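Written below as structure tokens is the structure these notes are about.
The chains carry the letters A, B, C, D, E, F and G, assigned in the order they are written, with residues numbered from 1 in each.
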Amino acid sequence: MLKKNSFEDNKRPLDVLNYAKNKKVVVYLKNKTIISGLLRALDIHLNMWVDDADVQTDDKTTKFGRILIRGDTIIFVSPVEE
Amino acid sequence: MLKKNSFEDNKRPLDVLNYAKNKKVVVYLKNKTIISGLLRALDIHLNMWVDDADVQTDDKTTKFGRILIRGDTIIFVSPVEE
Amino acid sequence: MLKKNSFEDNKRPLDVLNYAKNKKVVVYLKNKTIISGLLRALDIHLNMWVDDADVQTDDKTTKFGRILIRGDTIIFVSPVEE
Amino acid sequence: MLKKNSFEDNKRPLDVLNYAKNKKVVVYLKNKTIISGLLRALDIHLNMWVDDADVQTDDKTTKFGRILIRGDTIIFVSPVEE
Amino acid sequence: MLKKNSFEDNKRPLDVLNYAKNKKVVVYLKNKTIISGLLRALDIHLNMWVDDADVQTDDKTTKFGRILIRGDTIIFVSPVEE
Amino acid sequence: MLKKNSFEDNKRPLDVLNYAKNKKVVVYLKNKTIISGLLRALDIHLNMWVDDADVQTDDKTTKFGRILIRGDTIIFVSPVEE
Amino acid sequence: MLKKNSFEDNKRPLDVLNYAKNKKVVVYLKNKTIISGLLRALDIHLNMWVDDADVQTDDKTTKFGRILIRGDTIIFVSPVEE
């Protein structure tokens, strides 16, 4: 399961999202909300600008054309493979 | 669903709100309050000056002519398309 | 609903409260307490000096001649129009 | 209700407590504890040295000759008028 | 109840604990634990080195020869008068 | 149980994860989620880039090809011995 | 109970753990987890590298060969006397 050769030593965690710019990401928040949409920009606080966002809370999904997510509400983020 | 060509590389997340100044935004807070109103000013902490604000808590909406929202209470913000 | 002409570009969110000095404000706290009174001073942490304060918790209101509110307990603040 | 003439523009919120040194204050904490006593010293974090302190939690009051209250546990503080 | 003459103007809150070094203190934590023991050292974050510590949680007291308490878990500390 | 001779004095806690790069780690989060996967990068905030991640919440495990975990949500991390 | 002569004035709280390196410590976390093991390294944030760790949560103990504990999850730490 180890892929040692693929390791690039000077990579930083936030590069995960730099590579994901303009692609779809899914964001899991501390309050159990899940947001998916196109990542447009991020900063070192993990504040994220997301377009075409689906915000899923409990049993309800709300659509937003554009949102700014505050970074300190995030647990983890994943680029969506397509 | 990807719009790669529309990506502007030096954009920052808070630009979402810079573009939304003097327009209507909706703000989702950590305590489940939802505030909508005209965005007048913001700073890097996401503190926001909002005019003509509707503050919706549980089943009640209260109107305020002008409010200052503390940034660390915010989950996400969206400009309202009109 | 947009009032673009009224926008002053170098305004900061805390100006809401600078304009409200010596006027009545109402402060909503994270613990659901609501405090109203005369704003005497504030700082960048949103610490606020309030005189003639009514502190409303659950079903009880207590009066204080002078209080210092710690800024990190605040959700939002509104100047009271009179 | 406005007292505009009494406003001193360079006042800071923590001056409320500087004026209250060696006087009785009542401190409301985030965990619903209420502490009253003589304020001896404070710093910019709102850490406070209080003498002859009554610490009231739920239905019990405990007396302490001298305490140090950590500032980040405080909601608001009021000088006691006598 | 005021003791104005006893006020030393350049005292700082943490001096309460500097005076209490090598004496017994009681520490009230945010999680309702109460710790008493001999204060050996402290820093500006209120991290504290305590020897011969009794840690009281709910209905149980556990003894430790030496502990380090993380400062951000503390509500207030009191030197024990003997 | 003491291995005094094995102590290297200038080691730092985050070296645990530097040694674990490109190996499998298991991450325990404050919200009781457990994430296991290949550690690709980390920074001083404990933000972590993890590939081939199994995210286990309550009774459900979800697979992600690549995730960024926000460091402030972590309780502890362990390299998986194989 | 006072041992005034034993006081070394320039000691710092974190020295408790510097003295405990390569010895067994027990760590009490904010989420009620208790971790015991050999302390290998620590930093000023109280991040700790612990080997041969027993992680006790509720009624279950899990063993880990090596873990990194995030400092901000800690309430207190004690070296285990042997």
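FYI, contacts are C-beta pairs under 8 Å (C-beta built on N, C-alpha and C of every residue); 3 or more make two chains touch, one makes a residue touch a chain.
Being a predicted model, the structure only gives us computed values, none of them experimental.
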item: Path length in steps (a step moves to a chain that is touched) from chain E to chain G; value: 1
item: Common touching chains of chain E and chain D; value: none
item: Interchain centroid distance [CA atoms averaged], chain A/chain B, Å; value: 19
item: Whole-Å separation of chain centres (CA-atom averages), chain B against chain F; value: 34
item: Rounded Å distance, chain D centre to chain F centre (Cα mean); value: 43
item: Residues of chain B engaged with two or more neighbouring chains; value: 72
item: Cyclic chain order when read starting with chain A and heading to chain F; value: A, F, G, E, D, C, B
item: Chain D residues within the chain C interface of the complex; value: 1-4, 6-7, 9, 11-17, 30, 46, 71-72, 74-79, 81
item: In the complex with chain B, residue positions of chain A that touch it; value: 21-24, 29, 31, 33, 35, 38, 40-43, 47-49, 51-53, 55, 64-70, 72-73, 82
